[in-house]
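Handing you a structure now.
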Amino acid sequence: MARRLLRRFLHTAVICAVVATSVFVLMQFAPGDPFATALDGPDVPPSVRAEWRARYGLDLPPTERFVRWGIALARGQLGYAASRRQPVVDVVADALPRTLLLVGTALLLGFAAGVWIALLQTRHHRRWQDRVLGACTLVGVAVPEFLLALVAMTWLGARWHIFPVAGIGSLGDAAGWPLWERMIDLAWHLALPAGVLALAVASRVARHQRAALLGVMREDFIRTARAKGLGEWDVLRRHALPNAIGPVIALLGLALPSLVGGAVLVERIFGWPGMGQTLFDALLARDYPLVVAAVLVATLLAVVARTVTDAIANAVAPRRATGAM
Amino acid sequence: MTALLEVRDLSVEYTARDANAPRAVRAVDGVSLDVQRGETLALVGESGSGKTSLGRAILRLVPAAAGSVQFDGTDVLALSHDALKAFRRRAQVVFQDPKASLDPRMCVGDIVREGIDIHALAPREAGDLRVAHLLEEVGLSARDAHRFPHEFSGGERQRIAIARALAVEPVFLVLDEAVSALDVLVRAQVLDLLATLQATRGLTYLFIAHDFAVVERIATRVAVMQRGRIVECAPTASLFSAPASPAAQALLAAIPRIPW
Amino acid sequence: MTTGAWHHLRNDAGARAAAAVLAAAAACAVLAPALAPYDPTIQPDPVALRLLAPSWQHPLGTDPFSRDVFSRMLHGARVSLGVAAGAMLLSVTLGTALGALAAVMGGWVDTAVASLVDVLIAMPRLLVVIALVATFGTLSPWWLVVLIGGSGWLTTARIVRAEFRDHLQREYVVAAVALGASRWRIIRRHLLPAVAPQIAITAALALAAVIPLEAALSFVGFGIQPPLPSWGNIILDGVDYLTSAWWMVVFPVGAVTITVGSALVLADRMRVAVGGEEHEP
Amino acid sequence: MINSAVRPAAAAVVAVLIVLSAACRGADTGPSGGVLVVSVGADANSIFPPFGVGTQDRVVSELLYDKLADIGPSLNTIGDIGFEPKLARSWEWSRDSLTITFHLDPRARWHDGRPVTSADVQYAFRVWTDSAVGVAQRVALSSIDSISAPDALTARVHFRERTPAQFYALVYTLVPLPAHRFAAIADTALRDAPEVRAPIGSGPFRFVSWTPRARLELAANGAYYTGRPRLDGVVFVVAAQGATVAARLLAGEADFLEQLAPPDFAQLPADGSVRAQPYGGFDYGFVQFNLRDAANPLAPHALFGERAMRRALTMAVNRTTLVRSVFDTLGRPAIGPFSRTQWTADTTLRGIPFDSAGAAHVLDSLGWRDANGDGVRERNGRPLAFSLLVPASSRVRQTAAVLLQAQLKAVGVRVNIDQVDFNAWLDRAQRGAFDALVGAVRTSPSPRGVRDLWGTPGPGRGAQNWGQWSNATFDAQVDSALAATSTDAVRAHFRVAYQSAIDDAPAIWLYEPRLFAGVHRRLSVRALRPDAWWSGVASWSIDPAQRLPRDRRAATTP
Amino acid sequence: MSPLLAICGLSVDAAGARGTPSTPILRDISFGMRPGETVGLLGASGSGKTSLALAVLGLLPPALRAHGAIHFDGHEMLSASRGARRTLRGRRVAMVFQEPLSALNPRMRIGAQVAEVALAHGEHNTQRAARTALDMLARAGLTDAEDQARRLPHELSGGERQRVLLAMAMLLAPALLIADEPTSSLDVTVQAQVLALLRAEQRQHGMALLLVSHDLSVIATTCERTLVLHDGRLVEDVPTRQLIVAPEHPQARALVAAVRRGPPPLEHGT
C-alpha cells in the first residue's frame, strides 16, 4: 500500500514537472509581458520598463530564468503574480476555494440528478419518460454552457430577479449576519453558476449512467434477481446501479478538467472569481508564475480527483476476477 | 525415431495484478513430456491446472520462464523471427471457444485462407480452390466460404477453426479444449473428424481436455496435470483401468455413467 | 463494423435521422456558395439595414453589420464544420495511431503514451487551446484545426489502447499469431476492423466536442477571424443583443445544438448497434 | 448600437436626460446615507496612487486619497486657472514661477487620525521619483527639482524649469502619502508590501475590504476635513463579462455604470429605473498606419510610406456610416489626433472627405489596378492588401475593423483582420510588427499627450508613435504650443499641428464615443467630469425612500 | 393428483426486425408436471430449452413473445400481472442458472444475495433473513458458511458458486425448481457433487424438478421422465429408462447414442 502511494506520488510529481516545464516554455514564446497594460502610457519611458523587467527577473536569459524558477518551485515557492500584485499563493488561496465550491456543488448536484434521471429512464426504458428525459439530456449536453449561463443570467437574474445576476455574496451588512444566513446567501449566489454547470454535468452523467445501466440490465445476475421475485425498482437500485455506477464515477473523474474548462466561462459570466478565471486572466496577462501555479493546481486537482474517483469506482465495483488466466 | 516434441522442465509464470502488489504466479511448473509422431497425447486436468498455459508455451504464444521445447530437433524457444514463422506452419492450434477464436468480421473463406496468405502458399485462385477443398475436408461446403462465422452452429465453427489450422499443412496440432464447449452430440462428430484427419494426414495431436470422457476415445496416452505439474502419464487403457494418482482417480470417478 | 451492427444501424430510425441531419449540415457547408442568397461578408447598409428581424428578404434576419444571417449561417457551416471535421479527423487519427502503438508495442512506448495522456487529460482543453492561440497570435482555420485536433486525441487513444489490449487477448488474435501473422497484419486485418466501431463512436463524440469548442473560443475572441463567418463568431456578433435581436443567437446556437445533438445520437446508436441494448422487463 | 426600432426612443431619452442631469447639478444639499454600488468590468490592480495605472486604479485611489489641488470644471491645464483647493488650502507662486508654495489644510487628517503634513508631500515625491520604487509616471515629475518643508503645513516645490502645465503635472500626478505609515518600509519593498493593498488615505472615503476580482468596499470618512460624504459607502462590484456588468445595473443590483455600451440602450428598463447620463470623454479611435516596413524598421512601408496612399485610404472610408453603425447616435467621427472634449480641440479643421470615387481615382493613378478581376487591386503583381491588427479585448474596435474591411473592399483593397489578445496586440504595436492597427486612446486633459502619440519618435516624444510617422511641422507646432502660456497661442499652434496631421494622414481618425453613464433612479449624481466621473462622488446621494437592504451597514465614523 | 405445472400449446417467437417475419423458438409445446416429479429436458443447443425454462418464470427477454398457456400453481403465468408473477418467483418456483459466476451479483456479498430472497417475500427482519440464509448455505454444502457468506462471488470457486445459487433457489422451499444446465460450466469432479446435492434436496423437500441439459448422462441419473426438445418441438416425452433403451425420434436416438458409444475403434498412426 505504501509502495503504491509512493508510486502514485512520484507519478504525480513527474506529471507536475512535465506540465510546469511545458507551460514555462510555452509562455516564453507568448508575446508581451505582465506589465503591458501597466506600462502602456505615453509618460512611461523605456527605462522604467527595463526596471520593471529587471525587478521580476524578466531580463535574464530564459535558461537562467528557468533554472531559478525551477529551484524556487521545487522549494515550494510559487513566486509573485505581477499582474495581480500579490504573491501567487495568495491569489490561489483566494480563488481555489471558490472554484472548489462551485465545481464541487455542480458535481454533486449534477451527479445526483444525473443518476436519478438515468434510473428513471432505465425503469421506463423505451417509453415516453425515457424519450423525454433523453431529449432533455441530449440538449443539455449539446447546448454550449456559456449560452446557458448567459440566458440564465439575463432572464433568471436580470429580468425576473429570482437569483442575483452575479457576485459571491450580498452587499451591506451581510458580513455581520449569523452563519446560517450567510450560508443561505452564499447558496443563493451559487445557485445560477452551479446550476448551469450542474445541468451540464447531470446531462452527461445521465447519458452515461443510462447506457451503463442498460448494459448491466442485460447481465445474468439481473435475471437471477428477478427470478428471486424482486420488484423492478429493487432490481435497479440494489443490483443494477451498484454495478453500473463505478464506470460513471471514473468517467466523472476524467471529465473534471473539461468541467473546469467550462467553468471558466461560467465564472466569467457570473462574476465568480475562481481558478478558471484566474488562469484565463493570467494567460492573457502573460503572468507565467501565476499561469504555472494555476495549471499545476488544476493538474493536481485533476490527478487527485482521478485518484479519488478511481478509488471510489473500485470500491463500488471491485474488478471482477477474470475467468481463466 | 525421436519424439516430435520434447518438452523439458518447462515453466510458465504470470504476473497476477492483485489488489496490492503484483506477484508472479507459476502456472506451469517444470513440466517435461514427449509427444511421438502420429500419436495423440491427451493432457487432462481441472481448470487452473496449467494445461492451457503449457499448450500455449509450447507454441510460443506465451513466454516460457524456464525450460526447453524441442520440436523436430530444433529449439522452439530460441527461434529467430523467420524461423518462428516457419515453425508456425508446422505447429497449429485449435481453441476451445469456436465463437471467440474466429474473427467475426471476416468471412469463412478469408479466415481459412489467412494462413495461406501469410505464408504465401498459393496464388489467388489456387488459394480459393484450396480453401474450398479444406472446407469440404472438414465436412463443410465450398459455398460456406462466403458466409460469416455467426451464421454457423458451434460444431460448424469448430470445423472452420480446424480448417484454418490445416490450411498451412501442419504436422502438429494443439487441440486446446477443442470439444469442451460443444454439445455431446456435436462433440462426438468433431472427435470423429479429428480422428479421420489424423488418419489421412498423419497428424500428431496434443489434446487438452478437462474431461476423461472425451479423452478415452481419442488419446493414445494421457498425461494428468494438477497445479502446474504432470502427476501421471500413461497409455490410455492402462490409465483407465488402473489410475495411479489421486487426481486421475477423481477424474475417472467423475465420468457420469448412465445406469443402463 | 460487423455486418450485423451495420445492418442494425441502418434500420435504426434515430441513427438515420441523426445521419440525415449531419449530412444536411455537410451539404449546407459544401453547397453554401450556391445556396446562400447573399455574399456572407457584404454589408449593404450597416446603418439602415442592421439587426433586421427575420423577413422574406432575410429569412434569419441581419446582423449588426447588415449582413444576411442566413447566408452567414450557411457559410459558417462551411467553416465550423470544416474545422470540426478536420480537427476530428486529426484527433481520431492521432489517437488511433498512438493508442494502437501503445497497446501493440507495450513496454516503454505504452508507458510513455499513457503518461502523456495522463498529463494532457489533466488540463482543461479550452484553456490549453486559448493558451496556444495566445502564444501564436492569430490563427488561420488550418492552424485552428491543428490546435483543436492536436489537443483532442486523448479519448480516442485511451479507448483504442484499451480495446486493442482487450482484443489482443482474444483467441482469434492468438490464432492469427499462431498462424504466423505479423504485428502489422494483425493490426490491419483484425484489430483495426474490430475496433473500428469504437473509433467511429469516438469520432462522433469528438465532432460533438469540437463544435462547441469553436463556439466557446469565438466567444472569448480567439476563434475564426472576421469576416469569415463561423457559427461561433455569429454567436459572438449577436451575444450583446440577446434580448433585442434573438435571431442572432437562436439560429447559430440552434445549429450548434442540433449538429452536436445529432453527432451524440449517432454515437449512441452506434454504441447500441455494436453492443446491443436490450433490456428485460 | 441600438436596434433600429428603439432608436428614436433612445434619442428622446438622451435629450430628456441631458435636461434632467442639468437639473440635478444644482442640488447641492440632499439626504445622506446609502451605499453606492458601482458595477465595473475590471478590478483595480493597485489602489495605492503611485502604482495605479488603469482607470479603476485611479477611481479607487482618488476616492481614498486627496490631491493637493484638483483640476476645475473647465479642465484647463495651463497655469493654475480653475484649479480647486484640496489638501492644499492655498498656494502661491514665486516670481520666476520656479517655486510653488502650498499651504496644507490644517483640518486634513489621514484615515487613522494623524494630520496631513508637508513631510507627507516630501515622502510622496521621494516615492514617485526613486527608481528603486519604479513608479511608471516618474517622468511626469521630471521638471521638479525638490520639495522642501518649511513647516508642518507648508510644502515648497522647486522646479528646474517653467512649463505652462507645470502646476497641472504636479498636482495631477503627485498625491501626498502617509509617511508615518510607509516610511519604515524600504523603497524597494514598497511595491509588494501588504500595506499598499489596504491603504490609509486622506480622501472622503476610507478603505474597508477588497476581494480581488469580486468586490472592493469603501466607507465614508466621517472625519473628512470638508465634511462627511453623503453616501455611507461605495462598493465596486466586478464582473469580467460585459453583459454581466450591464445586467447588474439593469437589474438594480448596482446603482452606477461608468459607460453604457450601445447594445445596453435597447435594454434600459421601461419603468425608467435606470437612466443614461451623458458626459464628455477623452477617447478617440483611429486606424494607425505603420510607415515603416513591419519586418525592417529602416525601410519605408511598401504601402503606407506613400502619403497619397494613406490619403486615398482615408478618403475611401465613410466614417459617418461607420460611426453610426458602431455607436448609433452615441459617437461622432473623430476629426484629428484629439478628442473634442480637450480644450485645445478645434472643430473647424479641414478633414479628408469621404469620396470613394476619388479614392479609386488616386489608387488608379498610383498604379494600383485590378487587372485580374478578383476585386483586389494589384501593382506589379502585388495585391493591394494589408493586415489590420485588432485587440480581441475591444468589441468596439473589432466592430470598426469589420466595417472598415468591407468599406475598403469596395475600392479594391483587401484588409486581413488580425485579431489578437491585448497583450500580443500591444507587444506587436510596440515592436512595430504590423501594417496598420486599430488604436484607441483615452487622453488626459492635458494636450501634452499628443506629442507622445504622434510626435516623431525620439527623446521626449513619440513614445507611443508606433506608426513611426514623422512630420517636422507637426513637431515644431506642438512644441511651440506646449511652451506657450496663453491659451489663445496654444490653440493657434495646435490648430496648425492638427491640420498637418490630418493632411498627412498618419492615421484614419475614426470615432469619438459619447460617454453615457448608467445611473439608477435612486441615485442623484452631480455633473460627471469628463476625465474623472468619480470626482464628485462625495456629494452624490441616494434617495432615502428608495433605500435597499444593502444600504444598511455599521456606522462609518471611525 | 392435479398437475403442478401444465403447459398447453406454448409457442415462443422472436419478434423479427421491422418487416422480417418472426422466427419461432418453441412450437406448440404441451406437457405437465406433478408435484414432486423430476423431469429432464434434453436437447441440443439451440433447441429452445432455456426459452422454455424462462417462459415458465415469465422472464423471457422482451424480444421474445409467448403464446399458449402456462398453468402453474393455480395461476396462468402468461396473463398474470407483473406483481402476481413476482410473488410466485423465488417462493413457489425457483431457478438455477448455467453460469454461476455471471448469475451472481459481483458486488454483493453472497449471504446478502441469498437473504434477499426471503426479504423479497415478506420477511422484514434482516437478521432473521440472514440467519435463514446462513442455514441454507450450510445445508447446500458450503463449508464454513458463516465466513463464506461475507465473501463476494469472485472469491468463491465455481462449485461453491453453484451451491450458492442452489441455496438461493431452495431457500423458500419452492414447489418447482428449474435447473438450467446447472453443471455444464463446472469441472467434471464438481459436476457430480452438485448433481448429488440437487438430488438430495429434491428428495428431502419433495419438490418438482425440471432439469435442463444437453447431456443425457446428467439427466439419466436424476430424472424419472425425460422430454426431448428438437428445433422447438417436443419430440419425446417418455420415462427416462425407456428413452435410453428405445429412443424413437431420430434426434433422441442421436442424443442417446452420443453418450452411449464406447471408445471408437481408432487406428493410431502408422
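The letters A, B, C, D and E name the chains in turn, as written, and every chain counts its residues from 1.
In this section, a contact is a pair of C-beta atoms (placed from the backbone, for glycine too) under 8 Å apart; a residue touches a chain by one contact, two chains touch by 3 or more.
Worth saying up front: this structure is predicted, and the values here are computed from it rather than measured.
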{"item": "Minimum number of chain-to-chain contact steps, chain B to chain C", "value": "1"}
{"item": "Steps needed, at fewest, to go from chain C to chain D via touching chains", "value": "1"}
{"item": "Inter-chain centre distance, chain B versus chain E - centres from mean C-alpha coordinates, in Å", "value": "32"}
{"item": "Chain A-chain D separation of Cα centroids, rounded to whole Å", "value": "38"}
{"item": "Where chain A and chain C are represented by their mean Cα positions, the distance between them in whole Å", "value": "22"}
{"item": "Distance between chain centroids, defined by C-alpha means - chain B, chain D (Å)", "value": "87"}
{"item": "Of all residues in chain D, the ones touching two or more other chains", "value": "243, 393, 421, 423-424, 428"}
{"item": "Shared-contact residues (touching 2 or more other chains) in chain A", "value": "30-31, 150, 154, 159, 223, 226, 284"}
{"item": "Junction residues of chain B - those touching two or more other chains", "value": "47"}
{"item": "Residues of chain E touching chain B in the complex", "value": "44-46, 158, 187-189, 191-192, 195, 214-218, 220-221, 244, 254-255, 257-261, 263-264, 266-270"}
{"item": "Residues of chain B touching chain E in the complex", "value": "36-40, 46-47, 153-154, 183-188, 191-192, 195, 199, 202, 210-213, 216-218, 220, 250-251, 253-260"}
{"item": "Footprint of chain D on chain C - complex, ascending", "value": "41-43, 45-48, 50-52, 64-66, 134, 137-138, 220-222, 225-227, 239-245"}
{"item": "Residue numbers on chain E that touch chain A, as the complex places them", "value": "54, 57, 59, 86-91, 94-95, 97, 99, 101-108, 116-117, 120-121, 152, 154-155, 165, 168-169"}
{"item": "Chain D-touching residues of chain A, taken from the complex the two chains share", "value": "30-33, 36-48, 51-52, 55, 80, 83-87, 91, 94-95, 150, 153-154, 157-159, 161, 164-168, 170-173, 176, 268-273, 277-278, 281, 284-286"}
